[in-house]
Every structure is written in structure tokens, then in C-alpha cells.
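Shared between the two complexes below is chain A, which pairs with chain B and chain C, respectively.
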Partner chain A sequence: MSDDLTIILTAGLVATAAGLLGPFLVLRRVALMSDAVSHAVLPGIVAVYLLFETRAPLPVIVGAAVFAVVCVIGIDLLRSTRLVASDAAIALVFPALFALGVLGVTEFASGAHLDLDATIYGEIAFAPFDVWAFGSVEVARSIVLLGAVVLANATLVALLWKELKATTFDPEFSRTIGISPTLLSRLLLIAVAVTAVTAFESVGAILVVTMLIVPAAAAYLLCDRLLAMIAVTLGIGWLSAVLGHTVALRADASIAGSMGLVAACCFVLALVLSPKYGLLARALQRRRRRREVRAALAEAHAAR
Partner chain B sequence: MGWLIDLLPLNYSDAVVAIGAALLGIAAGALGVFAVLRQRSLVGDALAHAALPGVCVAFLATGAKDATTLLVGAALAGLVGALLMVGIERTSRVRPDAAIGVVLSSFFSLGIVLLTHIASTNDANQAGLDTYLFGQAAGLLERDLDVMAVLAVVALAVVALAFRPLKTTLFDPAFAGAVGLPVRLLEIFMTMLLVVAVVIGLRTVGAILMVAMLVVPAVAARQLCNRLSLLIPLAALIGAAVGVAGALIAARAEVPTGPVIVLVGFAVVLATVLLAPGRGVLWRGRKLARDRRRALVEGVLVDLETTIHAGPPPTPRELALASGRPRRQVARALSALDRAGMLARDGERIHLTESGAAAAHAVLERRDLWSAWLEHGWKLRLPDAREPDPTDLRASLGDDCADELRRLALAGDGGGAAGDAGQGAR
Partner chain C sequence: MSAHQDGGPPTAGRGAGDRAPALEIRRMTVSYGARPVLWDVDASFPAGRLSAIVGPNGAGKSTLLKAALGLIPADAGQTLVEGRPVGAARDRVAYVPQRDAVDWDFPITVREVVEMGRYAPTGWFRRVPRRDAALVDDCLERVGMGDFRGRQIGQLSGGQRQRVFIARALAQQAPLLLMDEPFSGVDARTEASILELLAALRDEGRSIVVVHHDLGTVRGAFDHALLLNVRAVAEGPVAEVVTRETLARAYGAGADAVGRDAGEALSWAG
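And then the complex of A and B:
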């Protein structure tokens, strides 16, 4: 497999894994959960290093995933007291976990090469160089790992489609018909945590955060149905992956950054041009309405 | 600021850090209230990320790694990001959290692209640009304190002077606009102040600490009071206290200041969320347990009274059967009644003592009064429209109204109305 194809495929898989969950996060108003997770994994990485003296990918992923889950569950617990709004809960939990991690780094691991950038920010450009051999076939590790995550997320969303939908749009109703919103919310957030951690390791935090929020937010401006929203999210995600890679090659710029910028452009386009909720459409509608009112007023005036 | 440093019983650098943390805590506490109450708690996070492209552009434009230039670049980019955030939120159906997320990731992506661009075109001069923004509280200078003091004073002064318009805009923007307040201008102005606070905080204490500094005081103060006019000073106070406590602990333990302040703040929030009077999780839990227990004991007391009234004194087991309650609950309530001296035991069988009978009658009378209130309450002429306290109707309505209710209830029963032979007649 060529390097470029590997990179695009890796990014596409990240976009797919994130795109399956992102719409739910945006609809539930916890879009920033991914950013919280990206910072909260630090103590996990530090703990793995302190306990096992290793920076090998699999133990690091496990350690990070533990703290990612601690983070999302902590946020959910704080939210469920109803004393703290969800955005404030996010802003309280992840700095605390990150602070723990920073203390760990400076106290115990300062001799080792474990600076803050290197730990959570993988780099998508290196994805092709790290391969696993299956018999005679060599596949990039990131593709295998992310493929598994995509499969897991797709299974989760397909199996719990009805439940996720009900708890997202009407938690009170779903409670009355026996679907626990708390349980579903925790499941979803754990899936987000695992997805984010796996993807951080192969493509870096910012691309994951972007892919979890921006395509879903753009799709939210374009669609009114959940299924359509997920489809559009996936489309925008893949478009950002492919176009972003091209742009990065042309301009000799960061691949993850370019993909993020393409996604941001998609959002801006949706914001301006969305047929129903776009700025342009709404401005035209306002103008038409103003004209109608003026015409009606003139008519009434003439009739008198 | 020199006099204040001399005044504190600390060595010079610890005193500088403690004062800096206190000043930043005051400013962030007062401004954070407005971010938290509008569900924009993570605005600090977004601004911290948005500063990166600003730093890059400032570097590209001037070619120098001069502190002031880069800081201005960061502030401008932060302002643009913040205004975009507010704009997206205002003009579209995207909610605050997603708007913040979009701005955060777009700006940071842009920053990364600019960084790679700088790295490929410039020489070694650019090294450390990306970590430039992420400061260390231990590196605070006395000069920085003046800036922070000005910031804190300005923040408090603005909030105090523009308190009423700010409050109106915060809780009801539509109404504020309708009465002619400059809603947009106020919003932009508050956002600008927030941006300045975040950028100063970034440089001196780091991005993540700044996120916590904005949110911790507001959330902790919110658990303790319900009025905005109390909330803001309380948040400023908590911010200062958390900052100083964190700085002192960090100095004593010789660890980095920022993370310790964050952890102290988190502990404060946890404590208030658990313990806050009237609201805290544990407080509510204890009240709920107490109420349940009282309801159980009263219920068993009344059951006992009615059973004794109807036949021979029951054994605990018979009482449980007659009242349909689990035996363990009945046993628990009986032992509570026993301790209060309301029970007399005759072998297995239970009597009520005089005080027990009196208590049972009091409960029954309260219940009768409540039924009377439900049925005839609308006929009373009450001085105000408040709902009375169901657990103690007589005290909250006053003796006159309670007697009037009893009279109405008796009259209703005497009139032989068909349906009301239930609760009221017991």
C-alpha cells in the first residue's frame, strides 16, 4: 500500500469512527467531551510509564483509555447531580486530571523523555511507517486499530440505534419506556473515550477533536434527520481527509492541520449556504418577508 | 506592588507567585461567572487554542520573537475567535458547546498549518514558538503583577459599574434588547475583557489552569448563593483563596504551581457540590433519609393507633400484616418509637403509652387538616397566595385559618355529602 493511501485511509477511518459518534455528542450538547478526553489521558500515560517503564503503544493506549473513561464518567457523574451544567462539568474535570498528569511528569518522570507534546500527539504523517505483518501482507498498525474501532462503533450505533435516538432527543420519555438515559449516555461516552484514545495515538489529538466536532456541527446545519446527519457527517469527514491530504502535499503543510482546515471550510460553507438554516437563506427569507409586509401595508393603505 | 510583597511573611518569589495567583483568581472569578452562567465555560479553552495562529501571524508579520508583539497577536486572534463563537451561536442553530468546539479546532488547525509553514520557510529563529504561550506560574515577575492588578481592578470596576445592564443581558437578552440596552456592545466588551484575562493568564500560568480558574470560582460560589450580586464577589473571593492556597502548597511541596491550584480548585468544587447547605448532594441525601424515616415512624404510629382502636393490641408481626409494610421497616419504626418512650410492651403485644397516643392523635389531626385543606382550602381568604407547608399546616396557615378549615370540614361531613366519607371522616 502506498504511503499516501495509508495516510488517507487512516484519516478516513478516524473520520468514520468519529463521524458515527460526533452527531450524538453535538445533539447532546457535549461536543467538547473530545477535547476534554484529549487532555485527561495524560495521567494514564504517565502512570503506565511509572509502573511499567514503557512507552509502547498498546500499554499506553490501555493506560490512556482508563483515564479517558475516568474523565467521561466523572463528567457524567458531576452532571447528574444537576448542580453543575455539562459544559462546566467538562471544564472542571479535565483540568484536574491534566494537572495530575503534569504533576506526575514533573515529579517522577522528568528524567525520561515524556514531554507533553510527545505523549498525546501522535503524527499522522508517520502512520505508514509503523506496520504489522499478517503473513506476507503488511498493514499499517493505525489502519488495523482504527478499523477495529470503526467496527465497534458501527456495531454499537446499529444495535442501540433506537435507544440512542430516544435518549438523545427525549431523555424523560425514554426513561418512562424503560430505557435508561444514564446508561446510554455512559456507553456512548465510553465509546468516545476509547475512539479518541486509539485515534490520538495514531493521528494526534487535534485531528480527532476536529473530526468529532466540526463535521457533525456542519451536518447539524444541513439536516433534520439523524440518519441523514450521520451520513453527511461521514461525507464531510472523508472529504476533509482526502482534500486535506492533497492540500497538505501541495502547500507542504501539516497534514492534520490541513484536514482540520478543510473541515472548517465545510462548516463555514454550511453556515452560509445551508438551504434551510444558512445565513444566506435566512437573509433572503427575511427580505422576502419584509417585502410581503410592505406590499400588504401598501394595499391596506390604498384600500382605505 | 512592592509593599505588598514585603508585607507577606514569605520569601520574595513565593510572595510574587501568591499575589499573582490571587489577582488572577479575582479577575477570572468575576469574569468567569458570566461565562459559566451562559454555558460557555469552555471559552477559556477555546481562546487558549485560538491564540496559536495569532502568535504565528504576529511572528510572520514582524519576524521577531518579541514578547509584547506575540502577546498582542494572541489577544487579537483570541478576540476574533471569541467573536466568531458568539456570532455562530447567535446567527445559527449551533449551540454554544459546538460553536466553541468548531472555533477551537479550526483555529488550532490553522495554527498548526502556519507553524509548519514557518518551520519550512524560516531558520532556527522559530523554535519554541508553539510552547511560547504555555507559561509557568513560577516564572512570574513583579512587573507581571502590575498588569494583573490593573486587570483585576478593571474587571471588578466594569462589573460593578455596569451591574444592572450586565445582569439583564445575562438572564434575558431579548428583554434587555427591547428596553434599549446595547446588548451586542456589552457582549463584545465582556468578551474582550475575558480574552485579555485569558491571554494574560496563558502567559503566566498556562492554558489548562486558565480554563479551571474561570470555572472553579463560579461553580463553587453558585452552590453557596442564589443572587448574582452575591455570586460575583463570592466567586472573586473563592478565586483569590484558591489561587493563594494552591500557590502556598506548591511552594511548600516544591512542585509546579499551576497544577496544584487546579487540584485545590477541584477539591473546593467537590466540597461545595457535596456539602452546600440546601443544595449539596450529601445534604439533600441526608434530608431525604430523615424525611423518609419520619414518614415511616409516623405511619407506623398511626397504624398502631388504628389497630388498637379496632381490636386487641397487636404483636409486631400482626401490625406488619395489618398495615402491609415490610416487617423489617415496622421493627425499625417500633424501636424508634420505643426509644421515644411511646410504646408499652405487654409480652409480645404492644400498647401506646400516653405520650404515644397523644403523638398519634397529633399526626391524625394534621392529616385531617390536610384533607380539609385539599377539599375546602379554596374557600379560605388567605393573606397571600403561597402554598402552605404540608408537613405543618397549622403553623404555616395560622390558628384562625386552621380552625376555620376544621369547621368547614365538619360542616361538609354533617351535610352528608356523598363522596367525602374517606380521609376526612377518620
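And then the complex of A and C:
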């Protein structure tokens, strides 16, 4: 497989894994959760390094995942006390975990070479160089890992489709019909944590945080149905992956950065141009309404 | 006085027969911090009747419904549906939350919301079976929202949104409907037409309990009422519950001093 194809496929798989969950995060107003996870994994990586003296990808992913789950569940628990608001809960939990990680690095691991950039925050440009051999076939590790995550997320969303939909839309009603919003929230957030950690390791944090939220936020402005929203989210994610890669090659720029910017551009386009909810549509509608009202008023006054 | 709740059997009204009460609440007590919101509330809503829970703002009306359904924790209390604990009778109850409990910008169509009424009988992991489609459509027609099935819910008026919620409850095919403030922010004409719908549902044998804030319409439209102000002030047939004397107790004596709401209430009580 060519390097370019590997990179695009890796980014597309990140877009798919993240895009299956992102719409639920956006609709549940916990979009910052992805940001939180990207910081909260640090103590997990440090702990793995201190305990097992390794930076091998699998132990690192496991260590990071443990703390990612601690982070999202911690936030969820803090929210459920109703003593702190949702955004505050997010802002309270992840800095504490990040601080713990920083402390671990400076106290115990500063002598060792624990390059954070390379360890937690992978770089998508290197994805093609890290391959696993299956017999005579070599496949990039990122594609294998992310493919598994895509499969897991797709299974989760397909199996729990109506439960996720109901608890996201109307948690109180869901409880009265025996579908626990707490349980679904935890499952969703654990999936987010595992997805984020796996993807961080292959493509870096910025791309993951982007793919979890930006395509979903754009799709939210374009869609009237949840299923359509997820489909559009995946479309925008893949578009960002392919276009971003092209831009990066042309401009000789960062691949993850270019993909992130393309996604952001997609969002801005949706914000301005969405046929139903866009800024332009709203302005036109207001103008039309004003004109109608003025005409009606003029007529009424003339008739008097 | 006869209307006062004294823990005895509910006053038998017309056609109540000998069915167990649709909803019985015993000793319900709920606090926010150290402040009691509900104190030792007993209530019994007869089957096949249209019942109202009325009382001043902050009386705990919505809290009573939520606590009865276990949506908020209670300090004490028990809820029976058709004589069974509510936990064992989930499929017998359809809850209609306040409209502002959900995000109306959510990407979901009218029909999809109503379809949620079929989620519980469908069970986990499964898709709603195709044979339920006709039922969902019937429920939409029943509330007069058939033409709106494909609309995104944000495009509906307040009254239409309420109808969609009622259709979802109908799709649950539960004999007991619990509705939280269905008429807040709805104009008088819409309120009258929804009340008509509820009366028709009652005449088919359903039991309906509505948290209601407008004492003006309670007398004409409802059969049974619970007058609540943290405690149960009175309960029974509407004519016995909504009286000058009980309202004065629920809203405080000297209605003029406590404002328009109670003043209106008293004038209605005659």
C-alpha cells in the first residue's frame, strides 16, 4: 500500500470512529469531553513508563485508556452530583489529571527520554512506517488498530441506536421506560475514551479532537434527522481527510493541521450556507419577513 | 370535610366500578436540602378518570409526579400503579414530561419521537418492528398531527409539540397517562382542544393525571383533583376539592393578598 493511501485511510478511519460518536457528544453538549481526554491520558502513559519501563504502543494505549476512562467517568460522576455545571465538571477533572501527569514526568521520568510529543501525541505522517506483518502481508499498525475501533464503535451505535437516541433526546422519558441515561452516557464516554486514546497514538491529538467534534457540529447545522447527521458527519470527516492530505502535499505543510483546517472550513461553510439554519438563510428570511410585514402594514394603513 | 384526604378509600365517582386506583401515592416526602418540597402526601387517583394535581407555584406538583415515577429520589414514600409497586408496572404508565425538558432543535422528526413510545415493548438492542408502524401512524392521526410526521420537531408550535408528546404516550399503550404541565405556554383554544382529546381518551377507559396550574379550567374539565401545597390539602371529586375553603387553605387565607392566581381561583370556586 502506498504511503499516501495509508495516511488517507488512517485519517479516514479516525474520521469514521470519531464521527460515529461525535454527533452524540455534540447533541449532549459534552463536546469538550474529547479535549479533556486528550490531556487526561498523560498520567496513564507516565505510569506505564514508570511501572514497566516501556514506551511500546500497546501498554501505552492501555495505560492511557485507563486514565481516559477515569477522566470521563469522573466528569460524569461530578456532573451527576448537580453541584457543578457540565462545562465546569469537564474543566475541573482533566487539569487535575494532566497536572498529575506533569508531576510524574518531572519527578520520576525527567532523566529518561519520555518524549511526550512522540509518545502520546503520534504523528500521522509516520503511520506508514509502523507496520505489522500478517504472513506475507504488511499492514500499517494504525489501520489495524483504528479498523478495530471503527468496528467496535459501529457495533455499539448500531446495537444501542434507539437507546442512545432516546437518552440523548429525552433522558427523563427514557428512565420511565427503563432505559438508564446514566448507563448509556457511561458506555458512550468509554467508547470516546478508547477511540481517542487509540487514535492519539496513531495520528496525534489535534486530529482526534477535530474529528470528534467539528464534522458533527457542521452536520448538526445541515440535518433534520439523527441518522442523516451521522452520515453527513462521516462524509465531512472523509472529505477533510482526503482534501487535507492534498492540501498538505501541495503546500508541504502538516498533514494533521491541514485536515483539521479543512474540517474547520467545512464547518464555516455549513454555518454560513446551511439552507435551513445557516446565517445567510436566516438573514434572507428576516429580510423577506420584514418586507412582508411592511407591505401588510402599509396596506392596512392605506385602507383606513 | 369529606374531600379531605384521610387515608381512606378514594371517593367513588361515576363509573369507577371496583377497579383498583390507577395511581396511589403513599406518604411521599421529598426534600431539597433541609427544605421539604413534599410532606407526607397521600393521594389516590381513580381509574378511568381525568384527574388534576393543582396548587400554587412551588407546591411540589411536578415534583410529586417525578418522585412517584422514581425520577427524583424521595426521602420516603411509595407508589402503586393498579395496586402494584410502580417498578413492577412500568409498562402500565406513560409519562409526558414538561415540554422544556427536551431540546427542540434535536435532529429528529415528529414520527421518530412518537416511535419512541414503542421502545419499551421492543426491548434492548432491537429495532422497532415494522408491525408497529401502523400504530405509530394511528397515534399521530389521533392527536391531529398526521400531516406533520416528517417535520423536524423544532418547526412546531407549543400546542403541536404537546400533541406529539401525547401521541408518544399513546403509542406506549399504557392505561395510565401522567402529564406534567401540558398547558403551560399554550393558548386557551389549544388548551381546550387538548382537554377535549384527554376527555375522549378517558372515555375509552384510560386514567389520566395532569399537573395543572390553571384553576379556571379544572372545574369544567376534570373529574378528580388533588389540591397540593407541600402537603395534600384536599383530594376528591373536583366539586368538593375546589372550594373557597380548601383554596384558601392551599393558597393562603385572604386571596386578595396572595395575588391574582389565588384571587382568580377563589372567584372560580364561587
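Keep this in mind: the second predicted complex is superposed on the first by the 302 of 304 C-alpha atoms of A that agree within 3 Å, B and C clash if a C-alpha of one lies under 4 Å from a C-alpha of the other, contacts with A are read in each partner's own complex, and residues count from 1 in each chain.
FYI, a residue touches a chain if its C-beta (ideal position, glycine included) is under 8 Å from a C-beta of that chain, and two chains touch if they have at least 3 such contacts.
Here the structure is a predicted model, which is why all the values come from computation and not from measurement.
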Query = Of the two partner chains, chain B (first) and chain C (second), which one does A:V102 touch, if any: first, second, both, or neither?
reply = first
Key: Which superposed partner A:E53 touches (first chain B, second chain C, both, neither)   = neither
Request  = Tell me which partner A:Y220 touches in the superposition: chain B (first), chain C (second), both or neither.
outcome  = both
Ask   = Which one hits more chain A residues, chain B or chain C?
value = B
Query = Thinking of the overlay built on chain A, is A:F267 touched by chain B (first), by chain C (second), by both, or by neither?
reply = first
Ask   = Is A:A31 contacted by the first partner chain B, the second partner chain C, both or neither?
value = first
Request  = Mind working out whether A:L160 is in touch with chain B, chain C, both or neither, as first, second, both or neither?
outcome  = second
Query = Of the partners chain B and chain C, which touch A:A228 in the superposed model: first, second, both, neither?
reply = second
Request  = Show which residues of chain A both chain B and chain C reach, each in its own complex.
outcome  = 220
List of chain A residues in touch with chain C within their complex = 27, 159-163, 165-166, 168-170, 172-173, 175-179, 220, 223-226, 228-229
Query = Any idea which chain A residues touch chain B in the complex?
reply = 26, 29-32, 34-35, 39, 78, 81, 83-88, 90-96, 98-100, 102-103, 106-107, 117, 206, 209-210, 213-214, 216-217, 220-221, 251-254, 256-261, 263-264, 267, 271, 277, 279, 282
Ask   = Quick one: in the complex, what on chain C touches chain A?
value = 66, 69-71, 90, 93-95, 97, 101-103, 106-109, 112-113, 116, 119-120, 122, 124-125, 127-128, 152, 168, 172
Ask   = Once bound in the complex, which stretches of chain B touch chain A?
value = 36, 39-42, 44-45, 88, 91-102, 104-106, 108-113, 115-117, 120, 131, 208-209, 211-212, 214-216, 218-219, 222-223, 255-256, 258-260, 262-263, 265-266, 269, 273, 276, 279-281
